[in-house]
Amino acid sequence: MASSQASRANHVLNTVVNAVAPWVNPVIDYHALAPEMVLAAGLCVVLLADLFMDESRKWILSSLAGFTLLGAMLPVLTLGLHDTDVRSMFDGRYVVDNFSLVVKALFLLAGYVVVLLSSNHVEEDEYWRGEYYFLLLSSILGMVMISSSRDLVSIFVALEFLSIPAYMLAAWRKRDIKSNEAGVKYFLLGVFASAVMLYGMSLLYGVANSTLLVDLGKSITATGSLSSLHALGIVFVIVGFAFKVSAVPFHTWAPDTYEGAPAPITAFLSVASKAAGFIALATLLFVAFPQASDVWQPFIWVLSALTMTVGNVVALRQTNIVRMIAYSSVSQGGFVLMPLAVAGINNGGASALRAVVVYMLIYAATNLGMFGVIIAVSRKTRSAEISSWGGLFSYAPGLGALATIFLASLAGIPPLGGWVGKFAAFQSMLTSVSGWGYSLALIGAVNSVVAFGYYGSVMREIWMKPVPDGDTTPIRIPGSLKLALVFTAATTLVLGILPGVAMHFGDIARLTSAFGG
Amino acid sequence: MEMLRDENWVLSVGTFLPMVGVLLLLIVPKANDQLIKMVALFTSIATLAVGVFTLFKFNFDQAGSMQFVAENKWIPLIKSSYFIGVDGISLPMYVLSMVITLLVVIYSLNHIPSPGNPKAFFILMLVLQTGMAGTFIAQDLILFFVFFELVLLPMYFMIGVWGGENRQYASLKFFLYTMFGSALMLVAFLALFFKTGAESFAIPYLVENGGAIARNVQIWIFAGMFIGFAVKVPMFPFHTWLPDAHTQAPTQGSVILAAILLKLGTYGFIRIAIPILPEAAKAWAPYIGGLAVIGIIYGALGCLAQTDMKRLIAFSSVAHMGYVMLGVSTLTDFGMSAAMFGMVAHGLITGMLFFLAGSIKERYHTLEISRLGGLLTQMPRMGWILGMASMASLGLPGLAGFWGEFPAILSAYNPADGLNVTVFRVYMVIAALGTVLAAAYLLWLFQRVAFGEPKAEFAGGAHGADDHGSGHGHSQFEDVNKFEWIAWTPLLIAIVVFGVVPNLLFSMIDPAVHGILAGFKG
Amino acid sequence: MIAASEALNQLSSGWFLDHAYLIPIVPAVCFFIIILFGKRLPMKGSEVGVLSMVASLVLAGGTAMQWIDRVNSASEGQFISPVVHTWNWWQIGGMKFTIGQSIDGLAVIVLVVVAFISTLVQIYSLEYLRGDRRYTHFFAALTLFSAGMLAMVIAEDTILLLLGWEIMGLCSFMLIGHWWEDGANSRAALKAFFTVRTGDMGLLVGISMLYFASNDWTTENLGVSGFSIRGISAWALSGEPNSTVILVVSIALFIAAIGKSGQFPLHTWLPDAMAGPTPVSSLLHSSTMVVAGVFLVSRLYPVFFTGFDILGTGGNFITIIGGITIVIAAALAFVQNDIKKVLAYSTVSQLGYMMLGLGAGAWLPAVFHIFTHAFFKACLFLGAGSISHSASHHSFDMKKDMGGLRKVMPITFTTWIISTLALCGVFPFSGFFSKDEIIDNVGNNGYNTFMIIGLIGAFMTAAYMTRATYLTFFGTARGASAGEHHDEHDAHDAHDSHDSHAAASPHESGLLITVPLMILAVLALSSGFLNATPFGEKWELIKKWVEPSSAVVMETAPGGPGHSAALSLPKAEEGHHESPCGSETPEEGVCYAPQLQHAKFKWSKAAISLGIVFFGMLSSWFVCVALYTKKDKRLVGLTQRNGALRAGYKLLDNKYYLDTLYENVIVKAIAGPIAAGAYWFNNNILDGILHLVARVSRTVSGWVYRNIDQRVVDGTVNNSGRATRGVGGILQPVQSGKVSQYGALLFSAAAVAALVLVIINS
Amino acid sequence: MLVNQFLLLAAVLFCIGVYGVIARKNAVLVLMSIELILNAVNLNFIAFALRNGSTDGHTFALYVIAIAAAEVGVGLGLVLLVYRNRKTISLDDLSEMKG
């Protein structure tokens, strides 16, 4: 007994030594890592600048943050234009391919728009602190990382990297009870969800003996059939990301947090953070579990159907615009999940992934724009009640029209962007040629009509209702907000009228090491 | 089918010119009413000029071929392209949409409905124009879908903002109905795409390959399209949005809705559903025909029950579109041509009727039939125009309405091979019965509104119902004014001209219809 | 049969014949001129109207002359082809819609009548309507009305026929409702249009069916479409048609004729149509509109001939309707006090004769009756108008406002008497020659019952006309004709100028009124001699000019019978049946008209009918004298005292309750409960479903919101323990807040999913 | 094998942690319960690493520990924030927003 113990310990030691023995310095492709590095440098600069600058000049921080994000875009562009398609590092644990580049660009631009939305909002708020941009950049850095991660460890680290600053940002308005509550709820549930996910990861590691996603995939193929541990692990991991993308029934934090958090952060959470969740989920599904589609497809099918339906149905009842958009974004999440539910059938993976990316691109632009309008309107009304939007068009036609564009895009009405996303999703559903696909597509179709109920009610408020307090002074919109609105609106329109652009990005965003390439 | 690609910039220019107007309008300050109106007017004139140019350049000898075809990459990934062209079916509707828009703009020059804001109003109208024109030229399903949906929002706002008292309900109903239909339609388009090998969304391609789809699959795909288009037409029992939308919409909205928007549905049947899915079309035809004749009788009965003039006209659309759909459902070239003619004729005539209803409402502030009367005494010209429009609407020979109605009935006697002749002959008789009811409700309307003496409340002139009637506080109501004359005369002339020389249209439509039905021959 | 080698003469033609299409075009164009410029012309457009009608009359006259030449140029037994010109109107799907003229005897005779009566009516209206508020409109409508009828008459095809038919319907609406300020008038207009329109349904169906049934045959054999009347006629006689189809077609078309010609049971609009100005009534009832129905039947006669197998049976749909109409309309005429209504019912009754004749194979007499009837009926109506215009202060009430006018209005009286005698069919007035022929031929063709009905009708006609004449011209002057002024019944008070001269005492009307009357009276007297069968074949001019030859025509080439060569056939003797056209099918060649036979005129038969007529007149005269002048106690109020008579009177007074049926039952049901029901269906069922869906989704969302989101998910503090208990199971009840619940949900969902999937996959 | 016992222990820890998250109303206790789950995860990783003879599990566990520390830091900060504003850390009271 003892000897066997000893020999076992020896064996362990040996393996450890053996594993360490061929240690070589990993080759680091600095070009590939340049976006992350620019971001990291930028956030340090922001932090230091905050320390050493006096109050009156701190407005420059937002510009710094903005330039950092745009600066990080440069290497993304050069990487994209460079011939090398795939840059793999650390034995394939960190991969920069077209997929990650497209998604990185999405995160960076979304982050930039959030910075634009934030600048005046945060400055005029009493909670003005330099750390705000620092945290925001950190979170974005986490997202940028997650898009390249192909290993459980790096995914986990990146996920926490993006989440932890987000918890703090949600509770940003320190003396506001609602903001506290938003932060605490988000935090506790987020941590709980990631704990559950970690438990799932540990099980997966146990059966695959590797944290590398590709190896996970291979282990599933190798064992031939799926063990219960596999199934449990996969479900728990998906739950972690389902929380992140606020899929029903893991959505409960979303409305509360969205309502309590500062508006730009809500925009950030509902767009970038959610996108990060989808991206990681897609990476896992396509790289790690492609053979386990029997497990996750029904699960995601149910999640998608529930998410669309419950999100919509509850959104119909909302009187608070932010809460309504929160539920609407829950529902939109269901549409993103939709193609994933049939991704394994009939080689639907490629079109499902494309649909996810396209949907996220367009949804990001539209939802950010919508939040821009919400921020602009609340500058005047100081309220988030939908009824306070009455007659918006009569005194702020520009904002009214923009809100209409964004709402219509969310509702999926051509030629505004949203329809392209929905179209791609439906197309992917039908590619599967399966009962699963058709039935979910039908649910989706019904939901897309129902959704108009609440989007329409806001439009109605804007166009057809009288101004509630009779105050028709026009709304002054600061420059940065204006820029954000124009940028998002233009994107929404262009992607809607030239869907080829969105589709193109969706198509080049092929996951390396998935679908055999 | 042969494609003529000469001068293929024409259609794009004609379709998107209104958007240039929209951009111009965006930069015109809101307060500058005159400039806004002028920009809108000149945009629509310029658009129509392009339309007329198209008409002149159109090769009528080859009306069956697509002309001015332009094909560009659009969404290469899903194999959808910017593919446009017109043939004898598209062209009349395409030009009609431009004409109607121009007339509506002219009418709007002094008839901006409450709550004003001409800038937004004209912008919406021009966006609407692009959507309508685009739908008629699109030769790619996805492009078609985009244009088809593009008209939705402007119309929604037009009803919801500038409409009557119950406008919010009506606009939402309109919107949800159409959304519902188009969601299913989109699903059907996608199914079609995949079932033809996921090669292309181009209509000509699908026409060639759609016939190969298994029959029962065709039937299901057709069902999706059917609902999408039938809502728009609207066919019984999907019509209930129409009376509300029409009643509540501002005059301009009603006119555009009646004249063009409803035709998007029937056009969809003729251009897309039937040629691509011939087998399904045959299977569905008896049901379409049945719903069409139900619509004819039902719409007429609905009319008889109305107390509101505008609502009555709205219901009459249900009946008239029933004739169009009856023609379509015969699947014969004859029936299709009749349907196409019916579409144009209904557009002109019902558009005219809605103009009249709008002007009557503007003067009397009510459209309650029981409160109206003696229109001919107070405004003889408007009264006679109403009479003429009613006569045209009830299908009097020599006016345009007849050529939509009579050939449709005629065609039902001899439907395409493979359809049940007895059933269609029964339809024919029922449809003929519908003409009697049409005469009943229209003449009854005319008798009650135009004949007799004015009711006491209006007998004294404009002082009757309104308290802000200072604008026309003469002892008489103002008869047709110059804006109305300008807007209406072309319609009236067209009603007569098409009634007397139907060949103007038929010669254009006929060859194109042959192409549509090519799938049934082989 | 004689060989076809016999030389055939080249048929003559001429400018008028070739350009007969101008006859309707001139007034149609003038209609637009009047509408557009009428008010600015010195005579407010009336001159244009009159001139256009004169022009039409001249053209029609020329056409008639040249047609007679054409007939004369033909050799014995030769088929006299109509003068056809067609134009391609429009074309779809290989279907050609041509319109054009086809001038034959029938067209010529009706053209002349229509143009002639229209001209006179317009001249008459110059005076009658002077000063009317809508003088210009009136002339415009009148002109278009004539144009419609003329177009229908020259029509080569059913399309143009339908066009003219409908234009007349429209114009009748405008004209009957001319004084639309009064609700009753506009209602009458509506009723007229609507009733006729009901019949039109039959026309639409009939034309459609004819087209499809005959098109293949006509295209193949004659090179014309199934709209061409010639083609249809030939087809109907070719033995080709399916007997059911052609029967249905005949019934459908005849329904149209019933509506238009005011036959039972759709006759009710005609008396109401008296609401229009008198010239309109005159035009409507004599030569246009109502004649259109008869014309339709005579024009498409081969269809009916085959469809109803006219020579093969002793009664058919047409004769039944015609027979019923003769009697019931005549009966109604007895209880009318309005002189125009008496005439209206008389028209209905006379149209019944025409229909009866057509139905019984008496084509020529029926057409001839159209011709003669037009003159005397127009004369009677215009006479009535003259009385009301000049003597009775715009009243048409015989009992209240007329009487003893023969001295005051000698010209009107004379013309009236002539026309009445013509109407009654007294020798040698025109009515005798046509009506007697109808009755005679009906009997001759085996329709014996209907011959008796015809004779009864003749008796009744004589009787009610005598009554009307007596009330109007004899006895003592009453009411307005006695110079009294009362206006309670004056519907036309609104018409400004009427009162200015109406207050004067009764007098003879002006020349513009009396000259047309006199012309018409002369024609009523003389026109019968154009086809005076009693005097032998030389006098049967109309027969020669109008009756189409039933020859078998060899169509040499598809392209029209202009170059046709005819098989010469022995002239059919009366009572003989040698032409294959008709009951037999020609083996080669085509027939354009059925072979009909003509009854041989016998004075003995004529004497019987004349006797009946005189008896009717005399008995009526004595009753009238006794009733109206002597006020015989036994007769006055008899209809009140005797139960059976009272019931009969009531039935007649209520017009057989047909109007009650139509207006109160059918129309009210459709416009009332049925339409309301459909609308209810719309609002409650269809929209109800929609609203239900909306409500259900609202309710569901509310339920989900309250129960899932708020209770299960969110929970309230009070419920949280219970909710957690559900999750915790055996665990102690714990107090938990929201976050715990969120966590519970999160985990339980994960657990459930894991459980399910693990079980499934293992 | 010994590994199974470790895994069982981890599973028990996990359940206790989950129970704590669900049942406890004190924010700090909830935080601690989550720590329990994370420790169960660590245990799993180590056990699997031992069984499979690879180092990945150890690495992962180290990362988890580090990040758990960060989480606790942020978590306690948030709890403190709530306490300052409300003078309570009961999660029941955090129901300002619902629906």
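Residue numbering begins at 1 within each chain, and the chains themselves are lettered A, B, C and D in the order written.
Going forward, contacts are C-beta pairs under 8 Å (C-beta built on N, C-alpha and C of every residue); 3 or more make two chains touch, one makes a residue touch a chain.
From a predicted model like this one, the values you see are computed outputs, not experimental measurements.
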Problem - Selected interface, A-C versus A-D, where C-beta contact pairs are more numerous - result: A-D
Exercise for the section: Find me the chain with the mean Cα position closest to the mean of all the protein Cα atoms on display. Expected result: B
Problem - Far-end chain from chain A, centres as C-alpha averages - result: C
Exercise for the section: Please work out the Cα centroid separation of chain A and chain D, and write it as a whole number of Å. Expected result: 24
Practice task
List the centre-to-centre spacing of chain B and chain D in whole Å, with centres computed as mean CA coordinates.
Solution key: 65
Handout entry: Intercentroid distance (Cα basis), chain C paired with chain A, Å
Key = 77
Completion exercise
Taking each chain's centre as the mean of its CA atoms, chain A sits from chain B at a distance in Å of 44
Fill in the blank from the handout: Residue numbers in chain C touching two or more further chains are 705, 709, 714, 738-739, 743, 747
Practice task
Please set out, as single numbers or ranges, the residues of chain A touching at least two other chains.
Solution key: 184-185, 188, 192, 196, 317, 453
Completion exercise
Where chain D touches two or more other chains simultaneously, the residues are 21, 27, 30, 91, 94-95, 98-99
Handout entry: Chains grouped in pairs wherever the two touch, ordered by label
Key = A-B, A-C, A-D, B-C, C-D
Handout entry: In the complex, chain C residues that touch chain B
Key = 88-95, 97, 162-163, 165-167, 169-170, 173, 177, 180-183, 185-187, 189-190, 193-194, 197-198, 200-201, 204-205, 207-209, 211-212, 667, 670-671, 674-679, 682, 686-687, 690
Fill in the blank from the handout: Within the complex, chain C is touched by chain A residues 184-185, 188-189, 192-193, 196, 225-228, 230-232, 234-236, 239, 243, 249-250, 252-253, 294-295, 298-299, 302, 310, 313-314, 316-317, 450, 453
Problem - Touching residues (chain side chain C, partner chain A) in the complex - result: 697-698, 700-702, 704-705, 708-709, 713-714, 738-739, 742-743, 745-747, 749-750, 753-754, 757-758, 760-762
Handout entry: chain B - residues contacting chain A, complex
Key = 30, 73-78, 80, 115, 117, 119-120, 142, 145-150, 152-153, 156-157, 160-161, 167-168, 171-172, 175-176, 179-180, 183-184, 186-187, 190-191, 193-194, 198
Completion exercise
Touching chain C in the complex, chain D uses residues 18-19, 21-25, 27, 30, 90-95, 98-99
